[in-house]
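For reference, the structure I am asking about is given below.
First chain written, first letter: the chains are A, B, C and D, and each begins at residue 1.
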Amino acid sequence: MPVSRRQVLAGSAVSAAALASGFPAPAIAQNEPIKIGYLPALTGPSSSTGVGINRGTQLAVELVNKEGGIKGRKIELISRDTQSDPTKAVNAVAELTQRAKASMIWGPLNSGEALAATPLIARDKVPMLHPCWVDSLIDVKKYPMSFRIAPTNTQVGKGANHYVVNVLKLKKVAVISDTTGYGTDSVNTYVPMLKAMGAEVVYTNHIDAANPDLKPELLRMQSAGAQAIMPWSVNAGFLSRICNTRGAMNWDVPIVGQTTLGSGQTKALLEKPEYWNKVYSNNFRNCCYIGGKLPPRAAEFVERLKKDKVEFGDTLLWWVALGWDGAMMMAETFKNAGTKNDDIVAYMNKVKGWPGIYGTVTWTPEQHNGFPDQEVVMCEVNSLKDGAFNIAPGYSS
Amino acid sequence: MPTSAPRSRTREPLLEVSGLSAGYGKIGVLNGIDFTVGAGEVVALLGPNGAGKSTLLKAISGLLPRTGRITFAGQDMSKADPGDTVRAGLVHVVEGHRVFTQLSVIDNVMLAGYGLPRDRRTTQVEEALAFFPDIAAKRHDRAVTLSGGQQQMLAVAQGLVRRPRLLMLDEPSAGLSPVLVDRVLAAVARLRAGGTAVLLVEQLIEKALAASDRVYALARGSIVLEASTDEEDLPNRLERAYFGQDAHAPLAS
Amino acid sequence: MLQSIVSYGLAVGAVYALIGITYNVMFSASRVFSFTAGMLGMLGGVLGALFINKLGMNAVLAFLLVLAAGAVLGVITEILTVRPVLKSIEQHLYVLSTLAFALMIQQVVAIYWGTEAQPFPVLVPIDPNSALSIIDQKIWLPVLACIVTIVGLELLYRRTLIGRAFLAIAEDSYAARALGLPETQLRIASYAIAGMIGVLAGFTGAQMLLAYFGNQAILNFYGFVPVALGGMGSNRGAVVGGLALGLFQQAANFLVGGIFASVAVFAVFIVVLLLRPEGLAGAAAARRV
Amino acid sequence: MTDATSPISTAKAPAGWLGRLEGSWSWIALGLVGLLLPLLDDSYFGVIAQRAYIYWILSAGLNLVVGYAGQIAIGWVAMLTLGAYTTAALAAGRVGGVEWHPYLALIAGGAMGAVFGVIVGLPALRLRTFYFAMTTLGFATIVTQVALAWKDVTGGGVGTPGPVFLWPFEPGWGFYYFCFLLAALATWITANIGSSRYGRALVAIRDAEVAAEASGIAKPKLLILVFLLAGGLGGIAGGLFSSLQSYITPDAFTFEMSVLFFIGILIGGRGSILGPALGTIILTVLPEFAAPLVQWSTFLYAALLLVIVLVIPGGIADLLDYKNRRPLEQHREIVPRPELLSRVLGAKGEPSAIRLANIALHFGGVRAIDGLDLEIRSGEVHGLIGPNGSGKTTTLNVISGYYRPKTGSLKLDGADLPFDKPHARAGYRIARTFQTPRLVGAASVLANVMIGGTVRGDGTFVESMLSLPRHHNDEKQLKVAALKALATVGLESLADVRADRLQHSELRFMEIARALMLRPAFMLLDEPAAGLSAEEIRRLGALIKAISREGTGVLLVEHHADLIFDICDRVTVLNLGKTLAAGTPAEIRSHREVVSAYLGA
């Protein structure tokens, strides 16, 4: 079999690289898949977000591979279900970074697991991209290879606070949460922010989410003179009970808070549909109907989803979009920077205004939080259509 | 002491037990018991404490697992559970007047007729209570309010509801005053008169013998004596049976 | 506010009391405390929501099916986890076997039903303007279920022969067996009844507690507190204890709020157990030697 | 202690009863794998192994609580939580603003676990199993809730970073060896306890609580020590866990994890160290290699638990126990050798006597004893007979301290014997046997007998834990004494056999051997002849008589009249809780009322 000069050259280049790295790599190395270690929580408590994100991620990887992969190399998503359990995440990190030699880690998708996984991934020097909101997960000194493709909790709270104080112009606010980490931390962070904006926080509490009767809580808020309730929780049962109790009390006060307020779970638990009126949850400008229409990128994405017959009516557009964005961001990074960790970080440090469907991402060497403040908005929760919501009243379009 | 030769019996055997062994877990108590009770016969089962008398009754009624052969009224009862034996008319009144103290007297007796058709149950319950006017008068009181003797009568009344063909009474006199003992044993006599066979385990030997036709003595898990109650020299033979074959001294002066 | 404490306290308390009765009915028949009590409560909600919301049955049919399922689970509990260990010398094996069975069922629910709380339908269609709707049905349903259960059990125990047979076995199973009572069948029947009471608690309480797999652990613990308070085997004690617990919990929720309510309940539980292990109304321990 | 001519010293000294479990080869193999694993340089294996070591450190302690003492502590994960938060919070300077050195913080975590181990364990001293299980479960919930609420210290739900240990146990293989060493230490300590008199006492509390008390084992004190140790190990495991996790949040400490520890122990087998260690390793490692089944893991653990409870209650340890599956000789004879008694009982003491005066006791409305006088003198066999329910066993239970009589006095040589403290009787050298033999079925005959001598040891719990000289001395002496006692009753050839394989009559003699371990001044025998053959009763009688002739006072409750009249020096006849007659056997045999009560003549 005749061998062309070009093939010989290519082959020798590979062996040189292999020698340099001290590893006798087989000649087919260039066709080996690029491995992404993927840490979704697909089962266990708080897995519905993971299921939504997973759909977008799987779709994007499929598409990239169908179109020929990255320079001929397929992307292989090595998925380890963390089951919403941090110990599973720690084991999985060791497996993905050391064993599978993943080029990048996507996830964990839940903060609880991300808190445990991030220092370990950083120790193993593997670049990491995740969508968790906990602020402390991004720290360019401690975790120089870790990037966030979503807003921080501070940004999320800032968005809600901004809406209450500056858009609705309400000054007396009740801030409550459930007893989970997310909830307690949110309250403790947002209350000072509200005060700094000139609002008066008339009531705060951490409430056991299993408590069947929230009327005492709401009565206390009412008597404290609250003009808006800001509940921070990812527990649909808890949030729906707040809406139900407010409705039963005939208390006409807006509820402004976290995205779960607008979830189908919360809706299903409402006693009356109208109890969802005047409830505003966090959302993201790029995935909201503004004047009845989605922004162009999201509209195009929805068309694609419909064409590919991807179900998303039972989940949320922004979850699927986020999953898609994460995978696409990594694909683009591999395309431009290859799979060496330093190259990847160097490339990502310079991403500027990357037009994701979910958000417009910008990173710098000093700032690995990539989501812009102004894209965190509030939406009307009772306006859900095709997985997306109307932007809340009062925003300028 | 060898048991006396089997006597010719005038009555057909109602209960026949052969090679019966039983115990509690590892503790073997009975080793190969053979004996019979004839229809309408009152048989006393005597023996020192720990000889296995209660164990024998439990093994017959199915309260304890056992090996060996038990035939009752022609039916094989070797594998029967207490429900089976009770339905066949072989009823065991356990020791210690264990009635249900939280239930009324009438409910206690009714329970003994569990599974009988309602009208039969009512009739037979009244029959049984008729044996003991004392407790029939207290039929709506809770059993906890009864005295020990009354509780024992209630337990016997429970045993009568099924119109048993053989009633096994385990120490009906235990803890009772002499007057009450006589009342209970009088019931045995009435049963005999009515044709019901009784297997009577008793500590009060004299009274037991007076009430019985025949006697078996049990020691260390074996039958050591069988005799008719009208035999002479019975006390001495019993004593030797109780204290082993090589009794040291004459018992009574 | 007081009205809120009382109404929700009674409603939650009724659910706890029913779970306590579930423990007791199984205990009376077998001297076994079964971890399946909370599981039954959880399944009452989950199965109800499954039948009505997912399979579109009407509420009455769904209710009957849930009761049947409870009875079947009770029977399975008896056959699979209780009977094999009853005769064992090792007294505590039932703790493990019932725990294992309850965990297995819970995990099946977690996988097929999901780990999120799901809504439970409104059961009784009531015109919101009618007098009946003054009190929410999620309040009065469990209370009604508790009343029906306690009255039903009382009638069963006091008016029927089979009920007296249950009492007899609870008091002295040996004597009951000697009388020829079918102990095994009666025990199975007790477990079936306990199964129905357990799912009844879950079914009627689910508009409040939702169809949620995590209710198992909550009901296991909070349903056992009334048993510890009221004395084991005592249904009246369980009702009093359950209602007291519900009211205490709601009052604590209201007055101190947050997690301290559950810490307080736990503290009371421990203190009562240490000071009066036989329950506030129970009898002293039996002879040991 | 032993002289060359002694027939005992020629008996092959059996391995400790734990010998059946402590397959040293298995431990060596496990240790080698652990030591050499870093050569693979696969940090995934490393993490899994560290997790297994950490879980085992907790489980090793929990094993003493669950596997040995038989306490159903389902919620022991709380100790892991406490240790983890204490270590992490102190190391991070969340308490008092001082950042503790990680190693000091780890020690503090262990101390915290130990303290709360005892606090959670306290209810076990009083409560029935299910109640205790519920309590530990409730405590686990509360700890998690406090961790959520106490944000300043625990970081609340957001959590707090775990400590990073410094040289020589820095993250990576350094930390790996740290976990390995501590796991080895935990194994060694708990194995030492397990094979000591304390371990045997725990198992006795589990399987034969009254016999343990009669042997002088104080349950509260012993359990507190064990809870202290198990809590401490749990706390240390927690501190290591927080470092392995790098960051801890309350959701890391799930009930599933608690169930995992618990099931690991039961899979392994109770009363074993190796079995639970293997069980813990399997349950830690298995989910990693059965990824598709991961979401079913809790289901599978639970199913496994059910199978173990129903089918193989002995766990892995029993499956590995080949030795005890060898058939025993079918027709065995018990030939006691009373001539050895003097060596077992030691020198005769001063004559002494137990006196009961006017003792009365009621159960509910029933008079169990009604004004009883009785005297048991050293060197005599005192028979106690009477019909069922006449109060014989009750009398025995009053003497051994289980019941407090309503009136009357109980004196030993003129001094009051305390009531309600059955375990204190061993100190007075009052030993007893039971109507139904109380034994630890899974332990060897030798171990069962050694339980009887628990109070004779000098070494403390800590000395046993660390296998110090006094512990070895105790063990050696106890073993020699137990072998002597077994030779005396004629069971030395069965010393190594699991006690539950013995015949009933052999168990009766084993109980006597156990009682002899106290070198009793008084011995209370409750129907020792029940279930024995005539020949065995004769040998038993000779043995009892010989015991009394060595100076021990014997109280013999018995139904076998021939035995009573054969060997008793004096006899008391009870009826309805009262003395019907008392005197020499000859007097009793001719006593009118006795004859009538017994024979109706």
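By our rule, contacts are C-beta pairs under 8 Å (C-beta built on N, C-alpha and C of every residue); 3 or more make two chains touch, one makes a residue touch a chain.
Keep in mind it's a predicted model, so treat the numbers as computed, not measured.
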Intersection of the contact lists for chain A and chain D: C
For chain A paired with chain B, centre-to-centre distance based on mean C-alpha positions, whole Å: 81
Separation of chain A from chain C, taking each centre as the mean of its C-alpha atoms, in whole Å: 41
Distance between the centres, which are taken as Cα means, of chain C and chain B, whole angstrom: 43
Averaged-CA centre spacing for the pair chain D and chain C, given as whole angstrom: 35
Touching two or more other chains - residue numbers and ranges from chain D: 145, 148-149, 295
Multi-chain contact sites of chain B, meaning residues that touch two or more partners: none
Touching two or more other chains - residues of chain C: 110-111, 258-259, 262
Touching pairs among all chains present in the structure: A-C, A-D, B-C, B-D, C-D
Touching residues (chain side chain A, partner chain D) in the complex: 43-44, 80-81, 83-88, 90-91, 93-95, 97-99, 112, 115-116, 118-120, 123-124, 134, 136, 179-185, 188, 206
Residue numbers on chain D that touch chain B, as the complex places them: 366, 387-389, 436, 503-504, 507, 527, 530-531, 534, 559-562, 565, 576, 586, 589-590, 595-601
Interface residues, chain D side, partner chain A - complex: 42-44, 46-48, 51, 145, 148-149, 151, 155-159, 161, 171, 244-252, 254, 257, 288, 291, 294-295
Chain C residues touching chain A - in the complex, by the definition given at the top: 1, 4-5, 8, 11-12, 110-111, 115-119, 122, 208-210, 212, 214, 218, 250, 253-254, 257-259, 261-262
Of all residues in chain D, those that touch chain C in their complex: 70, 72, 74, 122-123, 126-131, 133-135, 137-139, 141-142, 145-146, 148-149, 209-210, 255, 259, 266, 295-296, 298-299, 301-303, 305-306, 309-310, 313, 363, 393, 397, 402, 434, 441
